[in-house]
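In what follows, a structure is listed as structure tokens, so that the remarks can point back to it.
Letters A, B, C and D mark the chains in the order given here, with residues in each chain numbered from 1 onward.
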């Protein structure tokens, strides 16, 4: 059964320096509060994993928490580039950032393989592109029945996956709905998992389209209202598009960014 | 005569290319604007598929991201991200893939990864591939929409993020790519289509008021021009009104 | 968009002699009425596919519609054996029945590969068993990253898949809920598909746990109330367990079975 | 002293083997009866997983099939059949796999495929594998429950549908099978467990009133008997009452 914890204790207990950590979320339900707690606790040498690293990954990278990023699309959706990510890749600031780059289809299948206890997944992917030349984790594989050549990618099995969801019950059964992205796979692929939720309730009522992660598939659950802000939680609050716009100016400048971290993240919670 | 911007002409021209009753895998930004405009004009039965897992989304305003709540709320079905790629995109169920690009070359290959030829030490690090490589591979055909400039329209892309026609006709077949690849490029200046013999992108339509020399100057390679170069019909009043309403409804 | 048809027309148009046909359903929502229509239309030489062939497959086999069965568990759930299936395998009556035998995990993954447009699927399966010796569609495959040996099975892509669901709207969007089994994969893997539904409604209201097959992924929809009887349709009617029990006696005897077909199936609908 | 049948003793003994707080992949019939009895006696927090996709089912009556509506209605989550095998069983998330068998050999290998050694022309065609091969491979351990008879308990199964300990200790490791395999066989006469040295099934407990010779006569190989052969405690009044209520509630 999942343990109900405070966010700070959950991060302290589950995320260690040097870990491979996935904070997943596909525009919706991004575990931003958990990312900030990682910055507050000054974790380093993390290998960060995410299909769509957005501004909370820009923040983690800018704060020096990461040594490597495994991803398929890194941007500020609807706004533009991630300047801290760029600065790390192009100038090694504040620390050099190694990258391992895939497509969405490849990343999604890597999580699926991880969740399925398989060492790899097969897809029709990357054909004709320059990605296999740069990414060692893309290899050809031959169908044993037809002889056709396809692409293999290795399983992703993060040390810890962190996701945000709408609700959990007191046993730690988690319910998420709306766009559920790749969160189930990311949690099931991980050795340990932390789910932050908008609220912990006595009983989960069935919801159309809801995904349920049973308590026995989750390590820990923390109640963190507004834990996805400035992204959104369907049924709770909308996306704060202005915050995404505002990030562009903050993140373009190292000093502005550093000040932002001190003033907005490293304040006591 | 209507007054309209080059961007509006581009959105309208892109929207017109989408056939009613077809399905379209939509990236955010210009493609999403065009697809939503099409749904409100000539193609009410256009099925929009977003990579966030929203099948048949019918947003009332332009989504700001591929994961907007509006997309999930209005979709016929919301599926997981692995499912949208594996069950819906990969088997070739989607007719049209609608992509943007940072760089595009004369055979329709797309770069959204790095500017500069040294991947490890790029001049500019771009967002990366996202869903595009498999959209470009698996959709029945691919439409590309982007503003035309010598920086964007290059002889050869620095990095092939999404495969178009490679180095010319026959390359897709040789690689076993199922879809037809890029069949149309819509820009703020005109339309380009691959030459049936060589697959080289060829200017087939100029937008009203655009000079051929303007397009040549905005293209980083020696542009081929169709012998039967046509002029795009200007946006109709209806198209403009609906496009502007859509954009307005999407402002924060 | 899916075409709305009468059952008889749907079967006549979509199911041809010699086709590979999957009628899927996992205890729940078994397309029994569609199976009976295939018997009425006297289709022959079918390759029948199903994870859990039960009494409607026993009936199709006994009626001589099938030359081959691809399956993983053939029985009368909670009752015992399928006597027509046994008679066909052991004595070639009424026609010899070739079999291609898998495990559930293998069959499920074959449908997944079929739905995904891949020629094969990879699983941890069959290890140490005698199945690979008898079934040519089970082969080893090596992980290109770890060198580990796993098992590959080829995609299943039926000519036609038939499933039963609770509801469709007039455009042919299909909604099914409760135990949804492998039906989505079976439909998406097929070249053509027919969905029989309890009712066609003006609008599909969202349901917790419902799966929706969009109209553009389905070839035809037929309204067939009680089309899953004697299996059940959650929200409509319960399983007729007595009918499953009664089948045992009918199916043990060739003549009794033949009489049953004439009296219960080959009557005008 | 309570009056009870050998089948009731078997169900009670099987139920007792399930630890509270663990998860169990349940086949229909005897395994389901035992698992549901366990949930109502000493193991209220036993998680039942059915191959129809029901995770954490809490049926109020015994399901007649693995796809009963009751299972879906009471489950924590209902997932697709591919998902239950790929995401839940295959990675080893389930502690105990609970299987029946038509034939069982002295190394715990299971046959549910054909009787007779000619697969193409079998004496009796059985239902086949179902989920069992992968349940036997992937669960933390496997419990087997079946009535003991020389026809069922054979020196060597005609067909290995589900791998137990092969030809003895070390075979599972050699094949890379993750789970521990069969650790317990519950019959109507007693309990058998694999010998720690050889993995040969060895009688470790007799049910009350059963004679050792009876068990030997019901076993198709020369049965090994534990030096510390014990007697199973008889069903308690509570166990019997709850088992009978369960069975009664499940009658049509």
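Assume a contact is a pair of C-beta atoms (placed from the backbone, for glycine too) under 8 Å apart; a residue touches a chain by one contact, two chains touch by 3 or more.
Bear in mind that the values here come from a model prediction, so they are computed numbers and not experimental data.
Undergrad: Any idea whether B-C or A-B has more C-beta pairs in contact?
TA: A-B
Undergrad: Per the centroid of Cα atoms for each chain, what is the distance between subunit A and subunit D, given in Å?
TA: Whole-Å distance between the two chain centres: 40.
Undergrad: How many angstrom lie between the CA centroids of subunit C and subunit D, rounded to a whole number?
TA: 28
Undergrad: Could you check subunit B for residues that touch two or more other chains and list them?
TA: 86, 90, 138
Undergrad: Spell out, as numbers or ranges, the residues of subunit C touching 2 or more other chains.
TA: Correct list: 112, 117-118, 123-124, 148, 184-185, 209.
Undergrad: If every chain is a node and each touching pair gets an edge, what shape is that graph: line, ring, star, complete or other?
TA: It is other, because the touches fit no line, ring, star or complete pattern.
Undergrad: Can you name every pair of chains that touch?
TA: Touching chain pairs, listed by label, come out as A-B, A-C, A-D, B-C, C-D.
Undergrad: Can you tell me which positions in subunit D touch subunit C when the two form their complex?
TA: Interface residues on subunit D, with respect to subunit C: 28-29, 51-54, 64-69, 71-72, 78, 80-82, 85-86, 89-90, 113, 119, 121-122, 124-134, 137-138, 159-163, 166, 171-172, 175-178, 252.
Undergrad: Considering only the defined contacts, which subunit A positions touch subunit D in the complex?
TA: Those residues of subunit A that touch subunit D are 1, 112, 115-118, 173, 184-185, 188, 211-214, 216-217.
Undergrad: Would you pull the subunit A residues touching subunit C in the complex into a rising list?
TA: 117-124, 137, 139-141, 143-146, 148, 150, 152, 154, 206-210
Undergrad: Enumerate the contact residues on subunit B facing subunit C in the complex.
TA: Going through subunit B, the ones touching subunit C are 21, 23, 45, 47, 55-56, 76-77, 86-87, 90-93, 138.
Undergrad: If you look only at subunit A, which of its residues touch subunit B in the complex?
TA: Per the touch definition, subunit A meets subunit B at residues 26-28, 51-52, 71-75, 77-78, 81-82, 85-86, 89-90, 101-105, 108-109, 111-112, 123-131, 134, 148-149, 178-182, 184-185, 209, 211, 232, 234, 238-239, 241-242.
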